[in-house]
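First the structure, which I've put down as structure tokens, then a few questions once you've had a look.
Here the chain labels run A, B and C in written order, and each chain numbers its own residues starting at 1.
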Amino acid sequence: MKKQSNKTNLVKDEKLKATRTLIRNHKRKDLLFSMLGLVMVSLILLTLLTLFIDLVIDGYPKFTFDFFTSFPSRRAANAGILSAWVGSSLVLLITFLSAVPLGVAAGVYLEEYAPKNWFADLIEINVSNLAGVPSIIYGLLALGLFVYTFKLGHSILTAGLTLGLLMLPVVIVSTREAIRSIPVAIREAAYAVGATKWQVCLHHVIQYSFGGILTGVIIGMARAIGETAPIITIGALTFIAFLPPSPITPDFPFISFEWLQSGFTVLPIQMFNWLSRPDHAFHINAAATGAVIIVLTLLMNAFAIRLRYKIRKNIKW
Amino acid sequence: MATTQLKDPPISKRLAKNIRRNFIERLIEIILMMAALTAVFITLAIVYILTTEASTFFKDASIVEFLTGKEWSPLFENPHYGILPLVTGTLTTSLVALAIAIPFGTISAIYLSEFASHKTRETIKPILELIVGVPTVVFGYFALLFVTPLIQKMAPNLPTFNMLSAGIVMGVMIIPYIASVAEDAMRAVPMSMREGSYAMGATNFQTAIRVVTPAATSGIIAAYILGISRAVGETMVVAVAAGQQPNLTMNPMEGAATITTYIVQVAMGDLPYGSIGYQSIFAAGMVLLLMTLFFNILGHFTRKKFAERY
Amino acid sequence: MAKENSIIKAEAKNLNFYYADGTKALKNISLPVYEDKITALIGPSGCGKSTFLRCFNRMHDLYPGNRYDGQILLYPDNTNVLAKGVDPIEVRMRISMVFQKPNPFPKSIYENVAYGLRVRGEKSKALVDEKVEEALKGASLWNEVKDRLHDLAFNLSGGQQQRLCIARALATDPEIMLFDEPTSALDPIATVNIEELMSTLKSKLSILVVTHNMQQAARISDYTAYMYLGEMIEFDKTDKIFTNPSKKETEDYITGKFG
């Protein structure tokens, strides 16, 4: 071993001490930041929890069967969300029927057919742009286009189509991502036995990406339930004490489309309407409605996440 | 030797091109392409509708007054068309929201990406995503009936409708957007860069702040731009909690209308198609769209400037 | 092993290493690292040479679940680098590392080299300037970058980036420098530059280099260790290993019978 003079040893010792203090200080910063991060995240989660609990506590008195089966009324105690949740269901039906086929078809085209040129780029830019457009602009579009130009009026059909427009980019993106996860080898195997492009799409691509697409659709629908601004803009009435005409009729041909043109309301608008009244009794109704919407949204999101998890487990490419 | 022209033998029926099948394939392709083009159509439709209605509006209202006037009352007897009050309302609420969302979102992202254990991260992330699922009108309820009374306990002269509560709640709403995109950007920084920093004797904190965050700048800016767009376009939280009175002020302790709440307010009323009130919402929408577009383009170019290179 | 007059700078003693999933990657390795000399680690892919190298600066600590068993002693203070009470950060301030793929930070050339100094709290601009210039000169990069110290490091070529990483590691006056296949991602000309650089560096510090390129080991190192399947098969002066190895396994690998 090299012999060191005592002086050098002393200097080395001091340097070592200084270094150790420095490291200790830095590690303290480490710890402090870690705690700060945890505190901040906890605050956020706490806020969410407070929101939910506040809603439930405020709306608790109204969690009764009557609430779900009564129409809104001028007397807060009698008011219910029957027309609202029926309206929401019907509107979402149209949303689903308009956004999903269109979105899946567009996604399939972009992934399977589109050549990599300016044309495909243009479509892609548009899709990502549309995802960032505020929802109220879609309401304005629907107002000018669907309500007045196409003369569809302030109806369930218009609302469904509007939310469909909103949901379209979500469906397209989910479809594309689901399709992208299918390995090329599977497709080549299908082509190799003589399938046409469309047959490969229909029998293989869409089927294998079905789960991923479904997950995206459910998440999109969960958001659509809570959308308020565009629906208000197209003129949904807020005091609806009637139900739209039933799709099923007792006489031939047993299916009616009258309900498409009917006036309607949806859950978030009902909540907004009650919230805007100064009377505190209506605020209780609003809270209960809010709790209902959140529970619905949570259930749908949870279902979608579970679905995604199960699909990932089963797929072994 | 004379060259003989090689003739292809006659094509058997089995290998010949099936005209009918090809036709159907082409048809399907065209149908799918039309579906994809709807995205372009929608954009064009938005631009068309907003432009035509807004231009009709500007036939009757002076564009100078629109951009510089300080009073917005298109539905009064003596209408004024200055959009500045709506713009200040939008800006104030957005700034309050971002003042909360950016620090909380960024620090949460750094914490989740660089400090939290795998289990912690996987538990917290889904719950953060849940916030995205809460409808905005519910956030509005929270702002009006929980946050405002809470703040009033400390500042009793806070009006019922104010931009502070709306802004705070909007901020909480936007946090997951910023945190999620920023965290993804940080996780994408390769481990080799972190190892280089650790090998120099740096701590976790030093590595996170001096190496990982600068490396993820592009993604973090994208996250902020996303947050800004979201704040500017938000409607229901402000509609419920900030009141709907146009008010030219940047003081968050007052109530005000934003561009979005004005549109909603008018749409809830009964306006005849083609009236100037009806057109005014399209003019307002136009301004909103231009603002969002501006931020998106700004974001795009800033991202390019800081593009990741690893 | 031949008798040596060289001074030992560090020594691995009965080192075993277990990955988080339980695999035993290193089996009872003992190896001296001589001061101011280059020691090369060679062996086929997967033999554990990088794993062994990364024990020296406690890199494995970054990934939970790994376990060291045995000692790596650092002289002259006779510290066991792997001891539970020893702070990995302190270790890394004395032993620095250059990685296989150049990994400069997204900062300027100057700030890359200054990073180690900043982390140590060095505030004096004059001192940092001096150290940065010294390190860049020591890495044979100064002349090429002295006019653009504040350019982004990413703008340098692959070979220049690797020399920058070497300068970065040099700037903090380490006692040992670890090189993990430093030239495998570089073209032949850059490789020659780095090899020449390493030969000049050894006069100031001890070098431990992992390489999959036998010829490189033969060219630059004073001592060579041959590893296979996590075990140290043979360690000796480079000349002896390559001309007259004692073990048959070593000979088989050197002559290309497998690997």
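FYI, a contact is a pair of C-beta atoms (placed from the backbone, for glycine too) under 8 Å apart; a residue touches a chain by one contact, two chains touch by 3 or more.
Values in this document were obtained by computation on a predicted structure and should not be read as measured data.
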{"item": "Other chains in touch with both chain B and chain C", "value": "A"}
{"item": "Selected pair, greater C-beta contact count between A-B and A-C", "value": "A-B"}
{"item": "Chain separated most widely from chain A, comparing mean CA positions", "value": "C"}
{"item": "Whole-Å gap separating chain B and chain C, where each centre is the average of the chain's CA atoms", "value": "49"}
{"item": "Centre-of-Cα separation between chain C and chain A, whole angstrom", "value": "51"}
{"item": "For chain A paired with chain B, centre-to-centre distance based on mean C-alpha positions, whole Å", "value": "14"}
{"item": "Set of chain A residues in contact with two or more other chains", "value": "23, 26-27"}
{"item": "Multi-partner residues of chain B (each touching 2 or more other chains)", "value": "201, 203, 206"}
{"item": "Numbers and ranges of chain C residues touching at least 2 other chains", "value": "89-90, 93, 119-120"}
{"item": "Of all residues in chain B, those that touch chain A in their complex", "value": "21, 24-25, 28-29, 31-33, 35-40, 42-43, 45-46, 49-50, 52-53, 104, 107-108, 110-112, 115-116, 124, 126-131, 133-142, 144-146, 172, 175, 201, 203-206, 208, 226, 229, 232-236, 239-240, 260, 263-264, 267-268, 273, 281-282, 285, 288-289, 292, 296"}
{"item": "Interfacial residue positions of chain A with respect to chain B in the complex", "value": "23, 26-27, 29-30, 33-34, 36-38, 40-41, 43-45, 47-48, 50-51, 54-55, 58, 101-103, 105-106, 108-110, 113-114, 122-123, 126-127, 129-130, 132-141, 143-145, 148, 165, 168-169, 172, 196-198, 222-223, 225-229, 232-235, 238, 268, 271-272, 275-276, 283, 286-287, 290, 293-294, 297-298, 301, 305"}
{"item": "Footprint of chain C on chain B - complex, ascending", "value": "190, 192-203, 206, 210-211, 214-215, 217, 309-310"}
{"item": "Chain A residues touching chain C - in the complex, by the definition given at the top", "value": "1-2, 4, 19-20, 22-23, 26-27"}
{"item": "Residue ranges of chain C in contact with chain A within the complex", "value": "7, 75-76, 87, 89-90, 93, 119-121"}
